[in-house]
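Pasting the structures here.
Both of the next two complexes hold chain A, though its partner changes from chain B to chain C.
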Partner chain A sequence: MPTATDSPRHEHLVIERLVFWYFAAALGYMLISMVAGIIMGLQLLSWNPLPALEHLSPGRWRMVHTNAIAYGFLANGFLGMLHWVVPRLSLRPVLDKRLSYFIFAAWQIVVLSTAVGLILGEAQGLEWGETPVWIDPLAQVGLLLVAFDFGYPIIKVKGPMYVTLWYFLAALVWTFLTYAMGNFIPQYCVSGSAAGAVGGLFIHDLVGLFVTPLGWGMMYYFVPILLKRPMWSHGLSLVGFWGLAFFYPLQGIHHFLYTPIPMFLQYGAVLSTIALEFVVLTVIINFVGTLRGTGMACLSNLPLRYFYTGITFYFLTCLQCALQTTMTFQALIHFTDWVVGHAHMVMFGVFSMWQLGMMVYLVPRLLKTEWYSEKWCYWHYWASAGGLCVMAGDLILGGLFQGWSWAALQPWEKSIEVSIPFWAVRIAAGAVMFWAQLLFAYNLFKTWQKSPLRTGEETLPHVAPATM
Partner chain B sequence: MTTPTVIQRVPLWTWIVGAAVLIPSILGFANKFLDLMIVAAGDEEGAFALTPIINYLLATAGFFCMLMWAVTQGAFHDINQPSRQMFQNELDLERRTAESLGPRA
Partner chain C sequence: MFESKSGIFLIAGIGFFGLAFLSNAVVPAMMYRHLPEKPVADLVNPNVRYQFEDLAQRYPDEFKAAFATEQDPVPTDPQEAAKWYSTKCAEALSMGRKIYTGEGCWHCHSQFVRPVSNEDRRYGPVSKSWEYQNELQRPVMFGTRRVGPDLSREGGRRSSDWHAVHFFRPKTLSPTSPMPEYPWLFDGSPDKPNKRGLALMIYVQWLGSWLESYPYYEDYEPTKIEKPIAEAE
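Up next is the complex of A and B:
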């Protein structure tokens, strides 16, 4: 691990402007995704506001909703975060700053082209990989460039690496391979159940090998800094990393229980899912152990509050995962809204909360000024976390009612009738979450407006790490 | 003057726990690997199961090699050192940034 004493300064390492651009783009896509989600929610209540427009039909909006959150919000947020964290940890800048600007522009073109392709009905037949086939090669090259840009400073590190860099290095390789596996193998190489099996691997590996390592790597960096103490145990951190590396890749088949895929593969996925829960437990213990002796820091410090809320949701989702992959439980919840609730808890409750918390921490440092309204940041936290609790709880409960309805062999219409109240609550919770993100985006805009970077003040103040 | 090398003995319970975890795991893996061989050698329809298995083995083999590389590089000798070093580096970067930018607004 290098030392900072004879290394470049922060301003030579981090392209702060680019980090901010990524965050602004991420929030833009988050709002687009949530508009699409709300329209889809209204459709379920038979209140589709765009009934006569084929290009804006619910099936297409739904894909815009999922793709905008994965490739628009999360990917942009993570790329911004990587531009801050990797150079500071490795004490080396990225491979080439011009390449970084090019990647930013290229990635926005990829995401916008995906949205246009989906609305024009050119989706690829792969869940979470609906990116039109003509965009796939571009996205693949983009991911390769990302791997070069951030991989270079990481592999230059001499000596033992901090766990965050292990996670990031793995994520750079995994994301490239996962994208290739999901978007090319079922499209061009295999078909039928084999393609289904690969599709299952892709869905889960996208969460586990792209989003998870970047998310946890981010937590292992920001939490010790905000708590002003190293992680409780770096050894346990490494157990978490290597456990993820060996157990995660086999899990994807658990999306296809009770299918023609051979039972030994299905049981393998069930076992590796349950085994991973033990690994997750070590990670949670480590983060709780790091809190020991800090009093109520995880409540009084707002970014930490976002982080630990996400960690709690992560534990809950993994526990849920270990339960719902058992064959008995799966028989009840398969195809129900339970799965939708679970997915929202993962993507919003965990990874979006982490990214939003990171933005709450970094934006004042990037813009060299405090937030325009700290109170609005608190409102954002409560509306986001509270809205998600209601939405996820509502969908999970509604999913159980749907499952019991089907198990009782009631007519399909009955399960719809049962679902209507749950879908109504879901749209109300979603509206609260959407309002929170609008408030956050407006707060960011007003903060940018008062930034000395924009007003052209000559002396820039140093904004210390957030403690609000 | 050279200091004598202290060889720490592995406690008995470590061996017992290790055996309790490894023996059933190895047996389970061997059993499932046999299943895989039977499927691979059997009818054509069952052989498609090889695709995800090969995917998994390729990914795992890569990370097993990386794990071995990390071991040979001494990544696990002083296991908490990278954590302490990272924390110290951050403090140094913060201090230098504060010095270069002046007092807080």
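Up next is the complex of A and C:
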């Protein structure tokens, strides 16, 4: 182990400018995604103000909504986070700084051309894999470069690694494999029910093997730092990682229950989903245990508040998963807004909240100045978390009504009629969430404007605000 | 092993992923190997051929502009003409599927009838594996959400005129429908579908055309609009 004196300095390890660029890009895509979501939400209420033009079609923008969140917001946010965390944990810079800049540019091109492709009607018929087929090979090469860039410092670590690096190393492998599996096999190799099984595996692995490990790796890094204490139990960290690694990939088929996919495979997916819930419980216990005696920190420390809100939502979504993948639940809720509510709770309630919390924590450090308005950060937290609670609760409830109306063989129009109030509440909640992100982006802009890096004033020594 | 790089890289990263891929993807693919994938040309059955020729009669000018161009007109010899219609129908089906995907139709309309929730009574026979073993289900269109009804037994239930008006402006026929309008599939009015419009119509009419029970005339609702075909005839 290098001693404190000969360990490399932070400024030699982290390309701070690039971290900030990734965050700015991520927020830009978040806003684009939310505009797309609002267009679709208004369409459902027949309030869509846009003219019926090909390139403004809500059907196409709905795909921009999901893809911009996955590949625009989450992927960019995670790449920025990796640039901060990996070198600091492994005490080595990334493989090559020029490669890092290249990856940044290449990834923005991939995401933008995906959006353009979708708007031009070139989508591939696979959820979250709508990326037009001519972009897929490019994205695949990009992911390989990402794996090399961050994999190198991780591989160079001597001796046992910290939990965060287990998750990151696995995620680099999984993301590459998952993208390859989902975008090429159902398009070129198999069709029919078997392709459905691969498609289920893909959408599930994208959440479970790309977003989840990066998200948890991030939590295992930032939560102990913010609380100034180690994780409660190393044993539980081990159980959590290996349980997740084993059970998560086995569940893809639970997205397509009651399809012609062989029944024993469907039951297998259901059982493994329920098993995973127990693993998740150990992770939650570990994080709650870490908090022991300092629970108030969640109120006084803003980034920590985002993190533990996300952890709570994670527990809720996984509990929901274990119930909703049972055949009994599926009969009622499949194809309804319940699933949409669930998806929003995972993607926004958990992973977006985590990333936004991480940005709240890192932006003052990157820009060497306090947030322009700390009060706006609090507003952002409450509007995001509150809006999400209303939206997810509303859609989950609405899904039950839709399911019952279908099972009762009511005319189709009735299921639309019964959905209208839920869709109206959803758009209101969505508007609040959108406003919160606009405020956050504006706050970031104002903070950047007063940053000594930009104004050229004397760079202050490292700023560490007391409350954030 | 549990905290080492090689353990995580090989066992968790590659091993567990591979295990899941084997059990969740390779096993179903092996189980359905007796159902080889049908190419589009083999999917043109008499039902959908009838619908395709019906389009040719309903929209003669538009059909001619889209499929029977001057370089490739309908052959005069009846046998050659039959072949021509089948080839063009397959071409239209592929294009229709591309539009169906590109417009995101499949995000609001599923394509599988489940054995629960009274779905066989609403839509028709429960979906079987062999129905999906074809090129037009690559990637498969099971769907993800039903804002609108399932479409896997939609073919033949309604006339192509109905579909034309519905694609152009859904509210004309279903006043409470939240479905977006698709005027770019037409040259200005619902009686003038362009090539993309015709292709999407034939794709929708194809759905379920492989079943003996096609079409469900007993569930058929007569359209409320005047058919332009009446004048054409």
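To be clear about the criterion, the second predicted complex is superposed on the first by the 457 of 468 C-alpha atoms of A that agree within 3 Å, B and C clash if a C-alpha of one lies under 4 Å from a C-alpha of the other, contacts with A are read in each partner's own complex, and residues count from 1 in each chain.
In the analysis below, a contact is a pair of C-beta atoms (placed from the backbone, for glycine too) under 8 Å apart; a residue touches a chain by one contact, two chains touch by 3 or more.
Model, not experiment: these values are computed from the prediction.
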**OP:** With everything superposed onto chain A, say whether chain B and chain C fit together or clash.
**Re:** clash
**OP:** Mind working out whether A:R9 is in touch with chain B, chain C, both or neither, as first, second, both or neither?
**Re:** first
Original post:
Given the touch rule stated above, what does A:P421 touch, chain B (first), chain C (second), both, or neither?
Top reply: neither
**OP:** Decide which partner touches more residues of chain A, taking chain B and chain C as the two options.
**Re:** C
Original post:
Touching A:A194, do we find chain B (first), chain C (second), both, or neither?
Top reply: both
**OP:** Tell me which partner A:P49 touches in the superposition: chain B (first), chain C (second), both or neither.
**Re:** neither
Original post:
Is A:G268 contacted by the first partner chain B, the second partner chain C, both or neither?
Top reply: both
**OP:** Quick one: classify A:T369 as touching chain B (first), chain C (second), both or neither.
**Re:** first
Original post:
Of the partners chain B and chain C, which touch A:G235 in the superposed model: first, second, both, neither?
Top reply: first
**OP:** Report for A:G289: first if it touches chain B alone, second if chain C alone, otherwise both or neither.
**Re:** neither
Original post:
Between chain B (first) and chain C (second), which, if any, makes contact with A:A245: first, second, both or neither?
Top reply: both
Original post:
Looking at chain C, which part out of 9-17, 63-71, 135-143 or 189-197 clashes with chain B after superposition?
Top reply: 9-17
Original post:
Which parts of chain A are touched by chain B and by chain C alike?
Top reply: 160-161, 170, 173-174, 177, 181, 185, 190, 192-194, 197-198, 200-201, 238, 242, 245-246, 249-250, 252-253, 261-262, 265, 268
Original post:
Mind pulling up the chain A residues that touch chain B in the complex?
Top reply: 1-5, 9-11, 88-89, 91, 159-164, 170, 173-174, 177, 181, 185, 190, 192-194, 197-198, 200-201, 221, 224-225, 229-231, 233-235, 237-238, 242, 245-246, 249-250, 252-253, 261-262, 264-265, 268, 368-370, 452, 459-465
**OP:** Under the touch definition given earlier, write down the residues of chain C that touch chain A in their complex.
**Re:** 2-5, 8-9, 11-14, 16-17, 19-21, 23-25, 27-29, 31-32, 35, 37, 97, 99, 101-108, 110, 112, 114-119, 121-122, 127-129, 131-135, 137-149, 171, 174, 176-178, 180-184
**OP:** Going by the contact rule at the top, pick out the chain B residues touching chain A in the complex.
**Re:** 32, 35-36, 39, 46, 48-49, 51-53, 55-56, 59-60, 62-64, 66-67, 73-90, 92-94, 96-98, 100-105
Original post:
Where on chain A is chain C touching in the complex?
Top reply: 43-46, 48, 52-54, 57-60, 62-63, 121-127, 129, 154-155, 157, 160-161, 166, 169-170, 172-174, 177-178, 181, 185-188, 190-201, 205, 209, 238, 241-242, 245-246, 249-250, 252-253, 256, 258-262, 265, 268-269, 330-332, 334-337, 339-340, 403, 406-409, 412-413, 416-417
